[in-house]
């Protein structure tokens, strides 16, 4: 029977960087890990009258749970992280505007002399049974139910080169990728840069539009069940995702076309490797068959995903079947909920 | 009964700019127009041994059929163009690499000192009955059938400000938008800048991946049936698209985040107008409910589309129901094929 | 003795595009041409209470004088345009903010939901004798004299590919480059795309900061004396500039790094050609010895200039000495002033 | 008499991050500090046959000397670092191409499928007496002397938010800014994020072209003499530089226009503060009077500098005269050389 370990951090235990922190626990490949994660505001914004800038202080934004020391993970390996379940831990989610943050405002970097947009808070009702996220306008009676589609915005390992990076950004180590593709049922492949990998995660979204244009998704605390595998001696420059149906490469960069280039370039090379196509044949193939889901266009690094359906890959199995193995391992009666 | 006019240009009749050309025909709103369009190479690349740079000469690339003078269209109006059918006129399509063009190569503008990639041609088999586009690798025996999904890369009107713009680029007048969203069954809304609008179209794609990463889709000649309506006294800064299920705003720009910003900003404002939401409520709503299909990341201007499902708009009807009207008008026995 | 022809357009004679217009006059290489150019507002903003958006209507912004048909200029040639004198035609210049235009505001393309900055006008006193441009704050008594440094923001020919381009933008045909390097005493090299080249110019600046951050320089009408030479059978992809001391390549693009890449790439190749260095040696050389004056970071295309001192080129003479020839030709008693 | 402390690290003492390292020494404001810094290759590339990729291993690139704990520096203060002397410690400098790094090649982020440029090394002769840096072509006999103009590419403090950042990048904490403006005689103002500031520096350049287009300047070891002052309770978001003649704001970001925007926005606000101009008057003023020296267009973050001459500021004195004070303090007989 599969072992389960649970981890529910208290507020002082949250981390705000990848790297630069000692591990909070050690996990064995194949063990199920049930983790509680807080929302990006640390749970501090729970009604529409509480403005984030009043209750949150930099750098105490976007807390992550972890880091976990993964047994057997060494630099040069790949860490496969499979998400068995991602379940909202509350019946509400929160979104806000935040001064000079988001795609449709000037920011600290796209600096202008204009005044910031109004800071405003929206509270969403989450209904796991109906599978909905309820939007309520603040200045009218407009109410719409959107599909619940839980995901983690932020999952990563300790970065390379002795760096410690804010949980607000993403890069080759993963981090704040903010792509809706990171749902339950997928496997995330991350390069291992340090002894033990030091995996951490947080920033649950009940759902997120493409691009996270307002800078903040429907943020909520999560109960998440995951398991990991260490793929020895194989490593890729950038994060990758595998679902039952597709393989995906993740690019994190500014400007947005570089995030696109990174993700497409990686998917072309991965496809070539999996299919035996030469590089130009793979380029042509991905260019016609590929998708390009937008992750975020608001964070310090933007995220683009390059994606191709597995049915076009004629049976190729990435990473020696890690995804299938982890998926199966997790099907021994995972029930999401308080842990 | 609906009138049908047909237009099949001979080679010297193709246009290579939007604007700067006299109309080739006059069309009445409500008339069905059946148009033949050539592929982006003017049909000159029909086997794998014919390299585009040998047989094509700038600026004779990406020919469009038209322009058509639309009766009653005046500056300040919107031209609604409904695509009843977009049908490949050949049983093959072509794609290529092209020196210093595409997303995964340096280009004339992202200039580097590196040698260009090899120029290579792929011929695809189109099977309208099976609904497939067959990819064949050049340097291996890899063969995969992809879904046939015909669209026009290039549809536009004469630009504003006395400009004439190459059919290779896109902007507020439409043009080479290269978004897979421009399928049969959709209505494209274009701002009218000159008397008669001067609509033209071309650049049929049997299918296109997101971003058109290699710079060239599965290019083919098309038989296309469309009809138009003039929406008087109403005009938007950028092109918009409506399907049965969604409304979309199109942004054309570099860098890619500006194309994203334009499209999202326009969709936020359009949504606010259709729903009565104030601007910030609409921003929040679109940010959670919206999609962001990537158009092209290879042309002189990149294209991003911002999209929202109509079911979230509580019955709002854009442009006084132009899409429904045009769609219905076209259902009187349109049969695609040689005209 | 050198012939002089003068051209002072009346308001209806101004052009607002490069291309798409018949020539207003024919000029012979070697002839001195004395041209009056209006400011970018057509002279309509002459006091601080006249807001541009009240008195200017799109597309009637940035008028140019011309186009001039240059005898002997054919596609594939280079047009050398030497500026003998650029002299303010008025004792005042004007600058303004303009809603959603400029580097430190969101714009039509870097679209945000924020309100535009206040529209405000500044009138500068030009003193040709003292060589100063006097800045006066609007909301305080701050007054500073800056050096008078007259230049043309906009000089170009008809574009390639049957295009007509707004005088607000720049590209391979020149146009609204807005670089302070285009002073009297320099020679501008432009590719010829159409029979007669169709040269036009305008947008005089009494001075301009690097980047033209506010979107508008110290705009003024100019009396300008120039002469041209046609360099047969030699053509470059982008505009180039030569002064007594330096050679320069001009890149026009977005994002700004692409304008940088174009200009540096072109200067590396030009330097290789002039010095016999191989491409990599020239790259290294320009990278250590080169300068990169910023042109504009506000127009539809940004401009970067790559520049290298002639003293590092060991006597190499570009374009067979065209600059020296034209400079000498102009020294026969040019006196700037009303023509 | 002014106290002098010297610091010459041995190889294992070099740091490769800002932040994440304990201090190597404690320095008092007003003390002269004489520091030896290695070149960006750690001195390992000393002849043209030694390729960097053969002798350097990531992340052991761009070593810095330090960090130094500055007495009295607390978060919320500004650290003023005055460079009294920056003197080459060797008679040679080195530059190279580096695979997929630099402005005129595709890179890890501007990813393409093209082969990298050839890796090549150039050795320069430095002549402090003649004040020259001698360029020698590798594939011809082209030799040119360029002016010696020593500077530090990399100077910074520990970043905010518990981050540790590679010495290869720059951000609000300074770091690898690579601007030629950081010469001897200038004062750099850095925000203090941690107790003791933790100042470090390295990456000496005998000279650097604007933009550092090839990715590598004329790299050399340096003997540098500096002194610091802590400006209490005053802090700016971004690095600033002051020389005898000018004040400058530094922006580090991608894309390049964001680096431009940051630097201009900061200079506008700083100018407003120093002159009493309102924000729009300051914007107009800087836009006409300002300069925009390009720093680097090759590192993970690009650098732009916004600069304005002090003579236009009517006697305003930034930071209470820190620059003058530090400059004077250093004039008590600083002699550069081995320490």
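In order of appearance the chains are A, B, C and D, and numbering begins at 1 in each one.
Just so we're on the same page, contacts are C-beta pairs under 8 Å (C-beta built on N, C-alpha and C of every residue); 3 or more make two chains touch, one makes a residue touch a chain.
Fair warning: this is a prediction, and the values are worked out from it, not measured in the lab.
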{"item": "Pair exhibiting more inter-chain C-beta contacts, A-C or C-D", "value": "C-D"}
{"item": "Per Cα centroids, the chain farthest from chain A", "value": "C"}
{"item": "Length of the line joining the C-alpha centres of chain B and chain C, rounded to whole Å", "value": "35"}
{"item": "Gap in Å, rounded to a whole number, between the CA centres of chain D and chain C", "value": "33"}
{"item": "CA centroid of chain A to CA centroid of chain C, Å", "value": "48"}
{"item": "Chain C residues counted as touching two or more neighbouring chains", "value": "104, 110-113, 117, 254-255, 261, 264-265, 268, 280, 283"}
{"item": "Chain contact graph, described as a line, ring, star, complete graph or other shape", "value": "complete"}
{"item": "Contact footprint of chain C on chain B as seen in their complex", "value": "16-17, 19-20, 58-59, 108-113, 160-166, 237, 251, 253-255, 258, 261-262, 264-266, 268, 279-280, 283"}
{"item": "Contacting residues of chain D [partner chain B, same complex]", "value": "104-106, 110-117, 255"}
{"item": "Contacting residues of chain B [partner chain A, same complex]", "value": "95, 97, 102-104, 117-118, 120, 122, 133, 135, 137-140, 142, 144, 146, 207-218, 254-257, 260-261, 264-265, 268, 275-278, 280-281, 283-292, 294, 297, 302, 312, 314"}
